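I'd like to ask some things about the structure below.
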Amino acid sequence: MSVSDIITTILLIAGAAFFLVGTVGLLRFPDVYTRLHALTKADNVGLGLMVAGLALQAESWAVVGKLLLIWCLVLLAGASVAHLVTVVARQRGIKLWKR
Amino acid sequence: MFMEMLYIGMALFLLLTLVAGLWRILRGPTAADRMLAAQLFGTTAVACLLLLAQALEQPPLRDVALVFALLAVVAAVAFVRRAWVADRETEE
Amino acid sequence: MSYIFLYALVGMGLFTLGLYALIIHAHLLRKILAINIMGSGVFLVLVALAARTEGAAPDPVPHAMVITGIVVAVSATALALALMLRVRSETGRAELDEEPLSKFDD
Amino acid sequence: MEALTQLQLAFDAVLGLALLWLAWQTLASPELFRAIVLFIAFGLLMALAWVRLEAPDVALAEAAIGAGLTGALLLTALSRLEPKNKSKIPHSKKPESEVDE
């Protein structure tokens, strides 16, 4: 087991932890806005860490480029969807959660 | 061998979080909650596909993940622009 | 016995579930969803049978059929949805009832 | 090797059960919108099943069509199907025109 394998393992576990946290947030948070907040962490950071971990194992630079492209696409999509959903939710009058 | 097991194990773990997230689709009080859960599913499936591509040594799966990342938005945008806007008009 | 058969069994289960739902639901959108799930079950069985010999490369012919089938299923779904909207605008409802033809006579 | 096979088998079992459960929930859902979202999730999981069956070409078609197109089609159709004066009560599915007849 080489050094890059160990780094990959750490990155993958960290990414999976973010996915877990995102899911827990999705299940436990009280309203749309806070759930959106939890969701984007899983989208951006979790997938980012996984991509970083897998890119270390990639056989060529083309694969690394493709992985980064996928991550950038998901970032872009997540940001757009989060923004759209929030704007429309505000327009529809979904109340912000107050403790 | 350890790395393959790690990849498959991670993919299994992601699948389990995905199944847990189904609960939000089933319960979600508003339509937006359900759609958000579907969005999270898309991202989780992308991560799962990337892991499987590495574990099964099938590079074409990365292209599948790419298509997923591109097209997961379509449903969400269709939801926000069509299904949801119609709902809002009726409330006023 | 391998995991391939697991998927074939799941495909059969999906087909059965879809068939049952197709029969018991009156709403047309539910019927369309049920037909889609039935189709997915059939595709799953086909692809599982294509990969049945372990170790060897899967048979490409069922794959080609399934890809064609997926595309056809989407077109058929779009047509069915359009027809459903038409039924809705003609009769004011998107459900089939006991005497389905009576409303189309006039 | 043994542990790897078992892990893969666990993955397959979870995926298969999730597919069946999702299909059941989709078809038994009392609310149409929920059924459609569950169907989209079902399409996502189907793509993973194709991957496990060594059919990346089918997975590509399913991802392009199942994840994107069908969901958008169904949601658009649902938005046109909803009665214009739909209230927020989930069980007011029947349109008003039915009362007039």
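By letter and in written order, the chains are A, B, C and D; residue numbering begins at 1 in each of them.
Definition applied: a contact is a pair of C-beta atoms (placed from the backbone, for glycine too) under 8 Å apart; a residue touches a chain by one contact, two chains touch by 3 or more.
From a predicted model like this one, the values you see are computed outputs, not experimental measurements.
Greatest centre-to-centre distance from subunit B is found for C, with centres as Cα means. Each chain gets a centre from the mean of its Cα atoms; for subunit A and subunit C, those two points are 33 Å apart. Measuring from the averaged C-alpha position of subunit A to that of subunit D gives a distance of 22 Å. Subunit B has its Cα centroid 11 Å from the Cα centroid of subunit A.
Residue numbers of subunit B whose C-beta contacts span two or more other chains: 18, 35, 37, 70, 72, 77, 85, 87, 91. Looking at subunit D, residues 8, 52, 54, 57, 69, 78, 80 sit in touch with two or more other chains.
Under the stated contact rule, the graph of chain-to-chain touches is a line, running from one end chain to the other without closing. Listed by chain label, the pairs that touch are A-B, B-D, C-D. The part of subunit A that touches subunit B in the complex is made up of residues 1, 5, 8-9, 12-13, 15-16, 19-20, 22-23, 26-27, 32, 35-36, 39, 42-43, 46-47, 50-51, 54, 57, 63, 66-67, 69-70, 73-74, 77-78, 80-81, 84-85, 88-89, 91-94.
Residue ranges of subunit D in contact with subunit C, taken from their complex: 8-9, 12-13, 16, 19-20, 23-24, 26-28, 32, 35-36, 39, 42, 46, 49-50, 52-55, 57-58, 61-62, 65-66, 69-70, 73-74, 77-78, 80-81, 94-95, 97-98, 101.
Across the complex, subunit B is touched by residues 1, 3-4, 7-8, 10-11, 14-15, 18, 21-22, 25, 33-34, 37-38, 40-41, 44-45, 47-48, 51-52, 54, 56-57, 59-60, 63-64, 67-69, 71-72, 75-76, 78-80, 82, 84-88 of subunit D. Across the interface of their complex, subunit D is touched by residues 3-4, 6-7, 9-10, 13-14, 17-18, 20-21, 25, 27, 29-30, 32-34, 36-37, 40, 43-44, 47-48, 50-51, 57-58, 63, 66-67, 70-71, 74, 77-78, 81, 84-85, 88, 92-94 of subunit C. On the side of subunit B, the complex with subunit A involves touching residues 2-3, 6-7, 10, 13-14, 17-18, 20-21, 23-24, 30, 32-33, 35-37, 39-40, 43-44, 46-47, 50-51, 54, 59, 62, 65-66, 69-70, 72-73, 76-77, 80, 84-85, 87-88, 91.
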